[in-house]
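The structure follows.
Per-chain residue numbering starts at 1, and chain names A, B, C, D and E are given in the order in which the chains are listed.
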């Protein structure tokens, strides 16, 4: 047996396997829960790194489940985009749960912590599965695992807001999956295949015979995935869900879960649907305008919030807009910017949510007005927050600048400077709500609430430091990651 | 629900229902049915038992420890079969190519890993249904101390 | 003949779906939903899919109903 | 007001969907594109390739077994979510 | 297209038509009813409607269920949609169970399972 040949399967199955073992561990040997979880995710991360080198050296490859070739069996496809997304998911997910291993002790009751790790591993496995699979029904199954697991890590906290937020999220997720399943049915009816590659081959013929089927399916896919990715008018569930959850859950939901659906949408729109169909309908134009509205209105809502986590949640709505802006513009630079923003936003938003969690851990305060002067008493998290905030605004030498730069270039490439202006305006809006926090943190007298904070344990400080170093590092040396993103964009656009 | 007739009838019916569920599970590869439907039938029979006697008796029949072990076992059988086929040199979840003996079509012990996985799924689904029902119906004991 | 039977079941399904929405008593809504699931199982038998029919009869009409009844017994019965 | 809006919205969906239904391939036609090489191989070769008489079982647990692993995982995640929710409060 | 033609097409695709109708009814129940358990039932109706559509895709006129008999040749239906829907049904029941457990907890915290009343207690927003 050659292990490296089976990595595409193992990257999903190893977290699944340990998730199945986790309830037994939680019952009988509690101290093993954290090392097992970390070990499983480290394995997946290592597998993603190994596959990245493989893909960069020898090009995309696929893995046949059970040795059945594609139209009959399930195919996992390892190309530049999927391996990039798998790397992001497992890398950021590892840091979040490392931080969470201490933070969760004070946010959750002790008897449910084992379940948290179970749900977290299942979430990781399902997200990796969503991005890596090349079969639309398999993707649906992973959607459902992802939906229940992400609601589960919200409702696990002992508060009535969490239950209510989780229910709202569950109902909307189920509506999204229902629309997606209906779209699968309509597509299967006219193509006879479930595999992306074979569907893409059959669709141009089907487009001539059954145009209405395809249009309805396209609409359902965009709406279904749009609900799950919180694209602008469909974002109603996001602020409550992301702000009431425990901090590690907020971080993983904002940084990774909504991105995964964006990746699924990118793959379906670019790899499956024929370009003529997309040209025939205004769907890309619609995505573009929805993204624009998301960027502006999400930022505006974020300005008026007083709760730090709620503000970050609204900011996520704006940031997912950037990803979809890149998708909708359909030029190479814009797509590079959009895909790169998946990674950059994952790092900086998880950093910000974890810092917010650290503030809550240290002082118990979550109102922005109570956090004045926190820079004097909790310097390291505050510096990390500054780095994340600068990156959100898009100040050079941070990674947020790079993706905005490419998006702006992409908008100019296709001759639509309006969207460059949108990006500039939104940077301004981001500045309006992030910079006062930074200024107040360092230049105000400490408030009563933040005078004597609890010391942060090392398990929480190290992930924060690593994430902030990552934000700066990829801002200075973006070429390390741009190579794979460029190839992903070229593959998607068929260049 | 302390009714003698209900108890008497369910005591007679239960073995047959469970036998039928087991049949559906074990003949999943020969006739309609399989791990999911058969497991649900077995699970539903246990719920019927619990409802017609009382909940405490039903819970005692399948304590939390046992049910969590069963769930994990069922899922681990499935994933484990996949990993075994990796060890045998095929891809994940392969059957014939990994060298599982297919046997004579029509026998219960035929078709290689299918019958084992169906059995694992049956165990898992039965215990899952029972756990879901009891966790919804049970009184919480923990909500006094917070 | 089989067409008439098919339409009867289909119309029955629509009626069930409408009456589930209109029922004032939650328990009766659940019972109507169980009938709906059973009819759906019969429809799937007509479509030559006995596996789905068995599963729907066991899960849709059996376990889902039990879960709904359990939830109602823990909450409120009237709408 | 909201109810009328919802009804209008649903009516629009219904009209679009019915238009789609009229255009859809005829139900049960053996010449439909879905009856391609995929089900043909399942029906003709599954006996020698998997040894199961029930083709559904051979698809479920052999050809597309990874879906079924996902399905078992959905049940598992439901258990995890329900139990954690019931215990947390 | 004349009315007769439309009716004939709808008759030929009757399963598809009724699946869409049931889908709309379930969707309506889910959107307009405030009772959360009703919402869950509506969700189930919606799901089964999609399953009906999916299973109907696999039907072949005069086909039998795909249980092979060695040596005998029959016309069989397309087994793939059937296998997919088995997965779908289990997914639906898992979601239902989780949604119901959330509803029970909501009732414990708010004393009601009416979406509007919950919103009134929380103040603002919509469920």
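Going forward, a contact is a pair of C-beta atoms (placed from the backbone, for glycine too) under 8 Å apart; a residue touches a chain by one contact, two chains touch by 3 or more.
Since this is a predicted model, take the numbers as computed values, not measurements.
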{"item": "Contacts common to chain B and chain E (chain labels)", "value": "A, C, D"}
{"item": "Chain pair, A-B or A-D, that carries the greater number of C-beta contacts", "value": "A-D"}
{"item": "Identity of the chain that, by mean CA position, is farthest from chain C", "value": "A"}
{"item": "Reference chain D; chain at largest CA-centroid distance", "value": "A"}
{"item": "Centre distance in Å when chain A and chain E are each reduced to the mean of their C-alpha atoms", "value": "29"}
{"item": "Distance from chain C to chain B - Cα centre to Cα centre, in angstrom", "value": "24"}
{"item": "Length of the line joining the C-alpha centres of chain A and chain C, rounded to whole Å", "value": "38"}
{"item": "Inter-centroid spacing, chain E versus chain C (mean Cα positions, whole Å)", "value": "11"}
{"item": "Touching two or more other chains - residue numbers and ranges from chain C", "value": "50-51, 55, 59, 63, 67, 70-71, 74"}
{"item": "Chain D, residues touching no fewer than two other chains", "value": "17, 24, 34-35, 38, 42, 47, 53-54, 56, 60, 62, 64-71, 73-78, 81-83, 85-87, 89"}
{"item": "Per-residue overlap in chain E, given as positions that touch at least 2 other chains", "value": "14-15, 21, 23, 28, 56-59, 63, 65, 67-68, 70, 80-84, 86-87, 89-91, 94-95, 97-98, 100-105, 108-109"}
{"item": "For the chain B and chain A complex, residues of the former touching the latter", "value": "65, 68-69, 71-72, 75-76, 79, 82-83, 85-87, 89-95, 97, 142, 146"}
{"item": "List of chain B residues in touch with chain D within their complex", "value": "28-32, 34-36, 71, 74-75, 78-79, 82, 92-93, 95-96, 102-103, 105-106, 110-114, 117-118, 121, 124-125, 128, 131-132, 135-136, 138, 140, 142-143"}
{"item": "In the complex with chain A, residue positions of chain E that touch it", "value": "23, 30, 36, 39, 43, 46-47, 50, 53-54, 57, 80-81, 84, 87-88, 91, 94-95, 98-99, 102-103, 105-106, 109-110, 118, 122, 125-127"}
{"item": "Chain D to chain A touching residues, read off their complex", "value": "16-17, 19-20, 23-25, 32-38, 41-42, 62-67, 69-71, 73-74, 76-78, 80-81, 83-85, 87-89"}
{"item": "Chain E contact footprint on chain C (complex, rising order)", "value": "6-7, 10, 13-14, 17-18, 20-21, 26, 29-30, 33, 36-37, 40, 43-44, 47-52, 55-56, 59-60, 63-64, 67-68, 70-72, 74-76, 79"}
